[in-house]
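Each of the next two complexes has subunit A plus one other chain: subunit B in the first, subunit C in the second.
Showing the complex of A and B:
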């Protein structure tokens, strides 16, 4: 996480490309060195490869190889067809399964809700930065949910949102009929996402605050002297100055939403009601663990991986483009 | 970028065409040395299982003094995931615990048929059917799991109903429920968040909704989803929702253990509970004294039917295919369901053990009623369905309660899923 604040503070024009490019110039430049020691030590020529080898081996053996195995499994059958090739059969079954369609739709919903998930910590961090009364207190309180495990958060909200729970008791005291927060298929997904945002925005808030630390206060003072309103300050000074932080938070929040909502789902709704809160992750777990369909689960994993890949590549593209604008 | 795309395409097509390897590696045998057997379960870590395991180990020691046994307790919510991984790798425990029904039937490829080894225990133990597939038996039952309807006699008294003679027909039952509602309680404590409520409903009400012939056909796999009586099961389920007979927010209430807590605390008059493990007579006794807890027969929905207790083998130990010596492992399974061990399990864990010769007169009238009904009992209807159909039925049952689907559509979808798998 700390990369988020170190990068903007250094702020070299090519920072966005630094990660990928740094390696290649180094190897190119090493090409000049052998000229000095030409015919000399072969070991030195291989040294870079040997040094990189452990990292490459770890990635290949523990990441790529299992990944390829998983993709391979996804083209085989389950149960009686175990081990026989079924081509794209599992994928056809997946896309025909209304449950998996719901899971994909919910991924779309998450993408739509992403701006909300980023705006909340952004706004709160802005208020803390602008020193609203009690900002020290809020700073620690906002971070508090981030240290709770999803299971505990889920259990807490299960109690709060129960049909005979405190939230409905409050509502009925002002004359509103009780709502089945986690039992109504139209509402349940929003509740789970809302709780997820509540539980995780503390981390994004810290990243935002770190971003604010690099903000030049002179800009704010200048805006104030010019008579800018709070809204204008936020829109014309803070947002442009924090664009890199905002992008970083977008990336991490999206990844967090796609990969770490399992605990909450499992505790709060178990994918229900009526299967309305399925996400690909939960679907994979269900097929592998409950339905004994490992190959189908592999196919679903492969699709989730593709989604993550597309989302990740798009976001890297965005980051690169904004890096050029700087 | 373009080249990368081409390479990925080549990779995908290549894999799709060959599709070699397999998701689960069957046939390989490994794991478990000669002198050691590894057992996986989700019970052995619990304090109540100690005397049971001690008795079983002692029994096994007499037969095979040189073989050591190691029990590995896995967390239940991850159990079948871990087991799935073990089966795929072809390595794992020699003996493992299973739930009866779909969970074991889906995995018989990895198990040894035990028929030759357990012949002597056939008569003494009940509940074998839940561990069998295609005429072969894959595990020996430890407990029996049934789906009785429990009721709270105190609420019956409050509603001016006779606690000694609960309703025997569905019409009388709904009338009683109206009286119970007037007295300020709900009729059923229902938790259908996981979609399990409908499974209990199907099995509890099955014997009085389906005719005897339909019931037996259902168990043997010839299920007529279009029969009026099968539809009736789902209609009465929908009726409980429409008439507000269930506890509020059933679709967001967890069955384990929120719905049982509602029943225990006297907020609802009935619950479709279990016989063993959780949600049963011993659990309820914490708040409901044995005198207040009643067990009733299912009210008759279809005229001419006789209620019977739905029950099956609950949990049982099975032997993995990759074990070195199946005979030794099967002996361990037999020790785990020996009379002494099961007696300890019944006493400490509060389960109806598979051994029907155990004396249960000390445990209160509800248990005595249950055990007396075992003789005329039949296998539970939902246990005969595949996990996939059960999962679908759970979701459809939630839709029935919320009114977003018709009974006809439900049986249509279930028929399609049942025939496919």
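Showing the complex of A and C:
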């Protein structure tokens, strides 16, 4: 167990606390200068460790340790081969599985759509920062869907996008044939991603606005005095000044797309039609829970983790580069 | 100058349309929840002719949303309490106290931020099964606490870093123990951060689907969001009841948002600027 090295140093302290905690408060109340008992002193010395103990214990046991355990699982077999080493067998099976291939393809689609998902809140935040009439109202309305559960959002859009639902009713009233929004493999993934962007752009908006709050207004005034157009202001003043915020939004939006679309996928399409809306997280859940293939699921988890590492490392690279430019 | 002002008004038009697109789906759902089934089939968009609460009460009782609601409320309350307790304890120690290994422990907590649940889902489910915690409330609470603790520790640590160390020193000279400083100084001073982080954590836990789905397989332990997913199969031909179930799950979040929007946005902003 990875806990081995921290436990011994803390144990005696928690034993000392039982005595110390009971004694010290009493001495406090009675006198102005406290007399420290031996137990109190011990508890004092180890106090920092006792304070961090619950958090560290939980994070190590239920976050870091499972990560190692999961990588281990991914090299073992499922079912009859449970527990035996199979080398890269799961990974070979994974990359040969059309569903996982679709999942990876869809990750590629997310990467392509990422600039859109960042530009929309960025532009809106710019307008709000420039105090478009009603900016306070927009700010609070846009942020609202971001606090709703993906399941609620997905359920609402299930209703709106149903084949016999309201959107198609509107379309047919203007003479357009009904579209099977969530049932057509060529369209469904775009609908789910679209709904995800609709639901989360408010979050990025708030982050952008927090970035704008650190912007020196004198820069904008100077640009305006010089007669810069809005486009020039955005490109030459706002983008360079907010480069860190923009990078942060890029990374968090990508991570959000990789790890918080499960609810939408689950309720809107369940991976269908024809497996066209699989993402790695949905694949992991399906293999683990429905197909009873935990080792294969672990292999997919490891791949997902590597994708996220790449995203994270890319951010660090970008940060370093922008640091040099400064 | 006037050209710029006109431009602003022109931008306000698409922005208003977008605002409408942002709230309309929920208004539509609320409207449908008030309709009868017949009304909905005949006219999907028209305003309901009466405020009917029957659908809501059907969803609350016979669909079981009431029970799921109570389950969620319980799990979220306990999880948030533990998150704030452990998060503020660790945050105080890591920001204000000097001790051997503190930066390693902080980095360890931080590492947890980069491990999403999907990546450790399989081994975590196995650990929970081995310890007989799967399909129990303590099990789900523990999973929530583990999921959101890195973020909570991180934010509380950076918040407490802003408190001058002289305050702690003064209290120590006056004879207060470390625990006394935590309870009488750090907790009260941390109230704004605790409020902000607490609301965010409550939203995260309340809105979660995947963890509850994996950790709570049996129907009577369902949280409200799992209840919403179960509506899809059962009530897909009874849209008003379906919409009512969705509304029940959305209303608490709507209320929290209306009253505590500032704190939520501050929490998100704090997480971004300190990152």
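Definition applied: the second predicted complex is superposed on the first by the 262 of 326 C-alpha atoms of A that agree within 3 Å, B and C clash if a C-alpha of one lies under 4 Å from a C-alpha of the other, contacts with A are read in each partner's own complex, and residues count from 1 in each chain.
The criterion applied here is as follows: contacts are C-beta pairs under 8 Å (C-beta built on N, C-alpha and C of every residue); 3 or more make two chains touch, one makes a residue touch a chain.
Computed from a prediction, not measured in an experiment: that's the story for all the values here.
By the document's definition of touching, both partners, subunit B and subunit C, reach A:69. Once the two complexes are overlaid on the shared chain, A:49 sits against subunit C while remaining clear of subunit B. Applying the stated contact rule after C-alpha superposition, one finds that A:294 touches each of subunit B and subunit C.
Once the two complexes are overlaid on the shared chain, A:175 sits clear of subunit B and of subunit C alike. In the superposed model, A:280 makes contact with subunit C only, not with subunit B.
Within the superposed three-chain model, A:217 lies out of touch with both subunit B and subunit C [touch as defined at top]. Looking at the shared chain after the overlay, A:166 reaches subunit C, while subunit B stays out of its contact range.
Touched residues of subunit A, counted separately for subunit B and subunit C, are more numerous for C. When both complexes are aligned on chain A by C-alpha atoms, subunit A residues 69, 73, 158, 285, 288-289, 294, 298 touch subunit B in the first and subunit C in the second.
For subunit B in complex with subunit A, the touching residues are 11-12, 15-24, 26, 78, 80-81, 84, 88, 106-107, 109, 193-195, 248-254, 387-388, 391, 394-395, 398-399, 402, 404. Across the complex, subunit B is touched by residues 68-69, 71-73, 75-79, 82-88, 99, 158, 161-164, 178, 180-185, 188, 269-270, 272-275, 285-286, 288-292, 294-295, 298 of subunit A.
Across the complex, subunit C meets subunit A through its residues 7-9, 11-12, 15-16, 18-19, 21-23, 25-26, 28-29, 32, 44-45, 85-87, 89-90, 92-94, 97, 99, 101-102, 105, 108-109, 111-112, 114-127, 142-143, 145-146, 149-150, 153, 175-180, 182, 203, 206-210, 213-214, 225, 228-229, 231-232, 239, 242-243, 245-246, 249-250, 253, 256-257, 261, 264-265, 268-269, 272-273, 275.
Interface of subunit A with subunit C (complex): residues 6, 21, 24-25, 28, 32-34, 40, 43-44, 47-49, 51-52, 54-56, 58-64, 66-67, 69-70, 73, 124, 127, 130-134, 137-138, 140-145, 147-152, 155-160, 165-166, 169, 198, 202-203, 206-207, 209-211, 213-214, 230, 245, 248, 252, 255, 258-259, 262-263, 266-267, 280-281, 284-285, 288-289, 294, 297-298, 301-302, 304-305, 308-309, 312.
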